[in-house]
Structures are given as C-alpha cells and as structure tokens.
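Across the two complexes that follow, subunit A remains constant while its partner is subunit B and subsequently subunit C.
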Partner chain A sequence: MRLYIAVAAGGFRRYATYRVATFAGVFTNTVFGYIMAYTYMALWDQRPRLGGYDLPEALTYVWLGQALLATCAMMGGGFESELIERIRTGDVAVDLYRPADLQLWWLAVDLGRAAFHLLGRGIVPMVLGSFVFELALPADPLTWLAFLVAVTLGVVVSFAIRFLVALSAFWLMDGAGAAQMALLAGLFFSGMLLPLPVFPGALGEVAAVLPWSSLLQIPADVLLGKHTGWDLAAAYAFQAGWAVALLAAGRVLQSVATRRVVVQGG
Partner chain B sequence: MSTEGADAGDAGDAEDGFIELDGVEKVFDVRRRARGGAGAGAGGEARGGARRGIGRLRREKHQVRAVDGISFRVPRGEMVGYIGPNGAGKSTTIKMLTGILTPSGGRLSVAGIDPSRERTRLARHIGVVFGQRTTLWWDLPLIDSYRLMHRMYRIPDARFRANLERCVELLDLAELLDVPVRQLSLGQRMRGDIAAALLHDPAILYLDEPTIGLDVISKAKVRDFLRNLNAERGTTVLLTTHDLTDIEQLCKRVMVIDHGRLLYDGGLAGLHEIGRSERTLVVDLEQELPPIELPGARPVRTEGPRQWLAFPATESAAPLVARIAADYPLVDLSVREPDIETVIAKMYVDRSAV
Partner chain C sequence: MESRAEGASAETSADLPERWIPRSSRRAAVRDGLRAYGLIVAMWVRSTMTYRASFVMTALGNFAVTAFDFVTILLMFAHVDSLGGYALPEIAFLYGTSATAFGLADLLLGPMGRLGSRVRDGTLDTLLLRPVPVLAQVAADRFALRRVGRLGQGVLVLVYSLAALDLDWTPVRVLMLPMMVISGAVIFGAVFVAGAAFQFWAQDASEVQNSFTYGGQTLLQYPPTVFSKDLVRGVTFVVPLAFVNWMPALYVLGREDPLGLPDAVAFLPPLVAVVCCALAGLAWRAGLRAYRSTGS
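Right after this comes the complex of A and B.
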C-alpha cells in the first residue's frame, strides 16, 4: 500500500513539474468555458429549464465540465497514451518484471494525476467563471464533500475505461484508433457537450446508464443538489458498480495479455 | 508448482546451478498475410511453420522458434557473457529468466524458483537492466525513482540507505540525484538504472546490453563497477552484449547463441580459436608505404599512410607492435577487437566445411 501511495505522489508531482502546460490548460479551459457559457445562454433563452436545469444551474454545469475535463480525463490525456506507447515499444517489459501489479500501479499514477488536475486545472477556471456568471454553487460544505466523493468515483471509472483501451494495444499494436474512439465516446456520453437529460428519448436513457455518465453528469448533479439521501447512495452505487465491473474486466484482460501476448522488441 | 526435487534441494541447487535451463524452447505464432505460394520464402527465422489459409483473408500462421532447445547452468557467483547477433534469442531468454515470458517447452529455474509461475517472488532475487529501456521515472529526479524502489521491494531502511550510498559513490551519482531523469545523458542514465537494479541486493543481475551507445569513459566506469560488484558481493551476472570487449574484460565464460540454439559455451580464447577470429591493428605511418609484410599478420587494407593488418585474436599484439615500431616510421597505432557477427559467421563456415 505504501508503494502505491508513493506512486500516486509521483503521479501528482510529475504533472506539477510542467507549469507552462498547466497554465496553458487553465487558459484553454477558461476560454472554452466562456464560449460554451454564451452558447448555453442562447440555448436556455430559447428553451428555459431545458433538461430540468435553470440558467444558473446550466452555467454551473458548463464550468464544472471545464473544471473536470482534465481531472476525469474525458477527452483522454491521462496515463493511457504513455501505457500504449510502452506496450508498442516493448518498454512494458520493465513494468512487468517488477514486484508490483500493473493495474494498481497505473491506477495510483492516474489518481495522483487527477488530484493535481483537480487543484491545478479545476479551481481557477471555476473561479474565473463565477466572476462573470451567476452560478448555482452550494453553500453547504457537505454537498461539496459529496461532490468530491462522486468525482473520485468518476476518476476511477474513467481510469478503468482507459485501462481497457490501453491494453488493446497488446493486440492491435497501435492503440491510436481505440484511443480516438474512446475520446469521442467520452466527450459525448459523459455529458461534456450537453447534459444527458437534454437528449431526447431512448438516446438520453441509454446515455444515462453507460459508464461515462459517471465522469461528469453524476458529479455535476451531486453538486447541484439533484441527488440527496437514498438517491445519492444510488448514484454512488451506480458509479462504484461500473468501477468494479470495468476494473475486473481490466484484470482479466491484463492476465490474458501478459500470458499470451508477445512483448515487443528485443 | 512442478519443481520436483528442486524445493528439497535448494542448497544443492545452488552448488551446481543457480540458473538452470534444460531444453528450454520459446515458440511464437506469427500471422502474416499469405503471399501466393511463397511458403518457403518466409525469412531465416521461420522454420517448420504450420500454414492455415482462412477463407478469403488467407493468413498464414508461422511458428518462429526464437529459442530452440537451450540448456545451460550458471553456478552462484559466476559472471557469464551471453552473446549472439540481433534476433538470436538473447532477449527472449532473458525475458523467460525474469518470468515475463512463459517457455513453450523445457525446464527453467532461477535460484530454485520457476520464473513464470512465481514472477513476483523471483523479482525480489533478481535485478534487471535493459540497456535500451529505463526503469527510472522519466519526469522526476533520480532520487524519486530510488525511493519508489525502496517501497516496491520493501527494503529495510538501513539497508536501503547503505546500498544507495554505496551505489552513489561507486557509480558517481551524487551530482545527479536531484536531476530529472529526462535531463540525464545516456551514460548517466545507464549508471542510474544499474543502481536502481541493485538497491534490493539481488543475488542475480541480468544485464541486457548495458554498454550500448556509451562512450569509452562511461563504458569503463560501468565495467569497473560490475567487476567490483561480482568480486565483492558475489552477485551472479548474466550479461548480453554486442561488444566483445565487455566479455573480454568481465567474463571468463561466454555462451554464443544464434537462431535460438547454443553454438558455444566456454572461454573467450576458445571462441576465438573456433571462430578463427582476427584482431585488426591499425597503423599510422609517417608516409605512404607498400603494405607491411610480417609473419603472423595479414595486410587487409592500405589508405595513404594508414594500414590495416589482421592477426589471430588468440595471439598477443605485443611482438607484432614491437616489430613494426622497430622497422617502420610509426606515428600511431590502435587495436580493434573482432566483432561478434564476424566470429559467428566464421563458426558457420567451419561447420558447413565439416
């Protein structure tokens, strides 16, 4: 356990070393936040209470999306590109002979990264957004705490999906295609473009039960106070269920991959 | 566990073979698209493949025998060179010895452990350095990677500090501990990697091309350290390399592998004898002269005042150098070791002649 804490700390610090990248990320998130906020304002002006959200809630949703974009790696950009590269070049051999578990190792790395991204790329855009727009942020610290739990679960679900994507490189030899598909699915089904309840009919219902809704839709609804009491417990259970199922699938794939597949290169 | 008798005889095992391979094979299935009837033209490595045409896709399944029945024993405390050309099966053997790859056939035991069955337990007994890969954490200072090793191998604090201190001193790492790994030169990174592999006091060290791409000074530092490690700590070392000088300076015993088979196992002198290998003397003279003719040396090439002379690798260069220095206007000279590919090529020529 102390090993994985040390690995997570390393994951945090290695992202912290790239200050310019962090600054550029904050800038991009903020600019996109403004663009999307004005787009939402136009939309909500035409259709007030779209998807059950009033305007301040919708704007809060926009800025949360920007704040969590890097944290929950909705468009990728976490450990997976590195792991894919290591599988492609054969460097993964180094990871495999160590007395450590591959999945836990990368989970620790990714949790460290997510913690940094939440602090380094989450807070500033949110604050900058709240200066200009009227947001529906809760006053109760317990709601914030509940939100943090939902974000943590969201990061684990996001990790589990990306771990599966990365392992596909053992068979495909190049994980770029799989990563591209995961990016599109993540962007759409996490609710990054529009909140999932806005989608009409079957599309919205399907999107709500897919694992990606754990990344943004559920944490956002928790912060907006849409899940309380048993409903909150059900939301957590939904996230945790996907996390366990996908991590287990990752374990199976990992053992097949390491047993049967050739480690590349000399 | 299928190690009959191996468990009972742990101490006995250590006597005759700390690393033991018995008819070890590794066969890879390689699929490739069928090229109309070119079954035989599949490259040197693919032999005895099963072919299977699947519908329209017509993909052939070939078997590549990367390691084809290798047996050897390495006693505790020995330092052995394991050499061969690219694609000979060296790295595949090392990967099986670490437990990353499961052998397709034969028996394999390292320190009494079956590597692929108990990879994690074995990991605490071995250190691995892959010359072309790094175990260090790229974006973080070197010391951070060592702290990670501390946790990963559960090294007791006092032992960790003592080992780190020793490695830092002998491998000259003091100035580098706070430098991010990505800023290290290749030689510095290699020394950093060697230290990382030794912090948990492994009884066995596998080195896969540890001097590849290093300059002369870095190579010398790495070799000094390895010699010292083997002498003082009794660490068993298995070293793959392309550089025969590594072997010459470090190993009494050398094994040659090619096409997955062991071609030679013995001393380096014996290898030179079998391979009839030649060293090359590069002589710079004051002026252009006709090729030097001396007994025991063969003129190979002349280019202005510079001449190349080949002589048997089993002979000393000293008498030859003395003769040249006495009879010719000598400006400078150097000796080049034979390369592995040439030695092995000559072994093949000999075999087919028999």
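Right after this comes the complex of A and C.
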C-alpha cells in the first residue's frame, strides 16, 4: 500500500512540476468555459429548465465540465500513451518483472495525476467563471464531499477504460486507433457536449447507463444536489459497479496478454 | 527518420525540373521557402500513406471528433428553433465558413503547435542548420494529412447550409464566399504563426495558443448575438477573428452587425489578413532571434 501511495504522490508531483503548462491549461479551460457558457445561456434563454436544470445550474455544469475535463481525462491523456509506448517498445517486460502490480501501479499514477488536475486546473477556472456568471454552487460542505467521492469514482472508471485501451496495444501494436475511439466515446457519452438529460429520447437514456456518464454527468448532478439519500447511494453504486467491472476486465485482459503475447524487443 | 527525410527530399528535388534558385531577391526567398515546404509536406504524405489503413482511421477520427461541435449544435436544435435569433441553416453557414477556413489553416500550418516541444528538447537546432527557411520547416514538421478530416466536416456543413439557406445570391454574395474562406484561413494561419512565435519564450505554454485557434473557431461557429458585446469587441479589434466569418457572413445573411459597424467592414477581411500576416511575420522574426538553445 505504501508503495502505491508513493507512486501516486509521484504522479501528482510530476504534473505539478510543469507550472507554465498548468497555467496555459487553466487559461484554455477558462476561455472555452466562457464560450460554452454563452452558448448555454442562449439555449436556456429559450428553454428555461431544459433537462431539469435552471440557468445557474446549467452554467455550473459548463464550468464543472471544464474543471473535470483534465481530471477525468475525458479527452484521454495521462498514463495510457506512456503505457502504449512501453508495450510497443517492449519495456513493459521490465514493468511485469517488478514486485508491483501493473494495473495498481498505473492506477496510483493516474489518481495522483487526477488529484493534481482537480486542484491545479479545476479550481481556478471555476472561480473565474463564478465572477462573471451566476453559478449554483452548494453551500453545504457535505455536498462538496459527496462530489469529491463521485469524482474519485469517476477517475477510477476513466482509468479502467483507458487501461483497457492501452492493453489493446499488445495485439494492435499501435494504440492510436483504440485511443481515438475511446476519446470519441468519452467526449460524447460523458456529457461534455451537453448534459445527458438534454440528449433527445433514447440516446439520452442509453448514454446515462454507459460507463462514461460516471465521468462528468454523475459528479455534476451530485454537486448540483440532484442525488441525495438513497439516490446518492445508487449513483455511487452505479459508478462503483462500472469501476469494478472494467477493472476486472482489465485484469483478465492483462493475464491473457502476459500469457499469450510475445513481448517485442531484443 | 532523419536520414530518411534527407533521402526523400533529395530524391524528389531530383525529379523536379526546377533548379536551385539563389536567394537573390525576396520573391525568390518566398518561392524557395514554399518549395521546401512542399517537399517536406510531400515527404510526410508519402510516409503517412505507407500505413494506409491507419491513415484512413485517424482521418475518420479527426472528422468525427471535430464534427462533435456540429453535433452539439444539432442537439441544441432538437429543443429550439433558433439560437441567438439565428436559424439552423444560418448557424450552419457560420459554422461551415469558420470550420472550412480553420480547417485549411490547421491542415497547412497545424504542425506549428509543436514548436514549443522542439524548443524544449533542443531539436530546433537541427532545423536551424538546414539551408531552408525555419518557418517552412516548422510549418511542415510532421505534416498530418489526417487533418483533412476537420476540413472535410467543415466543407460538408458549409455545403448543407448553402443548400438550406434561402438567400438571393447576388454576384457580390457569391464572391464573398471564396473571399471569406481564403482570408479566414490566412487570418487563422497568422494566429498559428504568432502563437508559434510566442512559444519561443513560453515553451510549455503552447496550450494558450489553442484558446485562440481552436477556441476562436468554436466561438465563430455561433452567432455574435449569443456573446456579450465586450467579447465581440475583443475579437473584432484585439484579435481580429471576427473578420474570419462574422463580419462578412452577417453581410451575406443580411443581418445587423451587433456592434453597429458600417456595411463596409464586410469587405475588409483580405486587408485584415494582410495586416495579420505582417504582424505575425514580425513576431516570428523577433521570436526566432530570441531563441536560445537548451545547450544540454
């Protein structure tokens, strides 16, 4: 356990090192937040209460999306390109020799990264957004705590998906195609384009039960106080269920890969 | 890869009837640069085409991910008939012109976003040693043909909007269309070059550039009435992105300019494009002069 905590701390520090890049990311998230907030205002202006959100809630959703975009790696990024490269070059053989579990190791790295992205890239755009737009941020610290739990579960689900994507490189060698598919699904089904309840008809219902809704839609609804009591427990159970299922799938794939695939390299 | 690069360009230049031109004049220098750009691009295209299936997949992925912007607009229009007072075909026209202009700039100059990483790891030095303008080399660096995906979806939406719009196509309006797309691409191109120049100083801050390129393009997909007047003023007078499509498109669509500027501004894009290029060129020179290698 201590090992994985150290690995997670390393992941955090690694991203914290590039302060200028963090600043640049915050700047970009803020610009996109402003642009999207205005488009949401135009939409909610005509359809107040669209998807069950009022305008301040919809605007909060926009800024949450910007805050969680990097944290939950909705557009990919983070450990998977590194792992894919290690699989391609054969370096992964060294990783498998280590007295640490491959999946847990990278999970720790990714949790460290996510913690930094939430603090470094999540808070400032949100604050800057709240200066200009009226947001529906909760006053109750317990809601914020509930939100943090949902985000953590979301990061684990996101990790589990990207781990599967990375392992595909054992067979495909080039992980670019799989990573691209994951990016498309992540952007679309996480609710990054628009909140999932706004999606028309069956599309919205399907999107809500796919794992990607754990990345943004559920944490956002938790923060906006849409899930309370048993409903909150159900939301957590949904996220945790996907996390366990996808992590287990990653385990199975990992054991198949290490047993059947000849690693490259000389 | 490097040795392969040399081999490929040497081979291609041998095929060309044109001889090497001494850089005696500015025009010759420009021609030189463009030729070098073309050769490097041709090399990367050939390299891309070695993995044809991979190219098709990444181009389709590029198409899909950039088309999400329009999917968002379609999802919005599942609930409303107009946004900011604009109907779907009108917004599609704004989207199509902006995405096509940006798609062209992104295809031709997109690699410039990588300059920061070259400055950071010191590999820019290699480019400085070659007898080819650095700008041409950086612009063609790892030229990614898959970006035709973005251009493709922009063109598709533009074609849809032209079919769906009910406009009186006077000759002036028809001529506005190529003028907008070309000037818009040049303005975005200037932003790419200026952004790259900025990276000579702020190597890790390359993402800031995305705010003005990708962010600007996202902004221009929506009508100016959606945004606050200050934001519209900012992209008119500070970073003149409004000239990419807003100003001329409002004229074509017969819409009021929210800033109340005279109709004549609709015809300014070519002029704005030239000024932007001049400024970007100055920024590029200043940046290149300020370059200090990592020295490690």
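The rule is simple: the second predicted complex is superposed on the first by the 266 of 266 C-alpha atoms of A that agree within 3 Å, B and C clash if a C-alpha of one lies under 4 Å from a C-alpha of the other, contacts with A are read in each partner's own complex, and residues count from 1 in each chain.
Please note the rule applied: a contact is a pair of C-beta atoms (placed from the backbone, for glycine too) under 8 Å apart; a residue touches a chain by one contact, two chains touch by 3 or more.
Since we're looking at a predicted model, the values are computed, not measured.
Undergrad: Clash or fit: how do subunit B and subunit C relate after the overlay on subunit A?
TA: fit
Undergrad: Would you check which partner chain A:185 touches, where first means subunit B only, second means subunit C only, and both and neither mean what they say?
TA: In the superposition, A:185 touches no partner, neither subunit B nor subunit C.
Undergrad: Looking at A:46, would you say it contacts subunit B, subunit C, both, or neither? Reply first, second, both or neither.
TA: Second partner only.
Undergrad: By the touch definition at the top of the document, which applies to A:193: first (subunit B), second (subunit C), both, or neither?
TA: After superposing on A, A:193 lies in contact with subunit C but is clear of subunit B.
Undergrad: On the A-aligned overlay, A:137 touches which partner chain: subunit B = first, subunit C = second, or both, or neither?
TA: Neither partner.
Undergrad: Looking only at contacts as defined up top, I'd like to know whether subunit B or subunit C touches more of subunit A.
TA: Comparing subunit B with subunit C, the partner touching more subunit A residues is C.
Undergrad: Considering only the touch criterion stated at the top, classify A:23 as touching first (subunit B), second (subunit C), both, or neither.
TA: Touch status of A:23: second partner only.
Undergrad: Just subunit B (first), just subunit C (second), both, or neither: which does A:259 touch?
TA: Touch status of A:259: first partner only.
Undergrad: Between subunit B and subunit C, once the two complexes are placed on the common chain, what is the minimum CA to CA distance in Å?
TA: 8
Undergrad: Can you list the residues of subunit A that meet both subunit B and subunit C?
TA: Residues 18, which sit in both footprints.
Undergrad: Within their complex, state which residues of subunit A touch subunit C.
TA: Residues in contact with subunit C: 18, 20-21, 23-25, 27-28, 31-32, 34-35, 38-39, 41-43, 46-47, 50, 174, 176-177, 180-181, 183-184, 187-188, 193-194, 198-200.
Undergrad: If you look only at subunit A, which of its residues touch subunit B in the complex?
TA: Going by the criterion above, the answer is residues 2-3, 6-7, 10, 13-14, 17-18, 90-91, 93-94, 96-100, 258-259, 262-263, 265-266.
Undergrad: Give the list of subunit B residues in touch with subunit A in this complex.
TA: 28, 86-87, 90-91, 95, 98-102, 119-120, 123-124, 126, 128, 130, 132-135, 137-140, 144, 147-148, 151-153, 180
Undergrad: Mind listing the subunit C positions that touch subunit A in their complex?
TA: Residue positions touching the partner: 54, 57-58, 61, 64-65, 68, 71-72, 75-76, 78-80, 82-84, 202-208, 210-211, 215, 218-219, 222, 225-228, 231.
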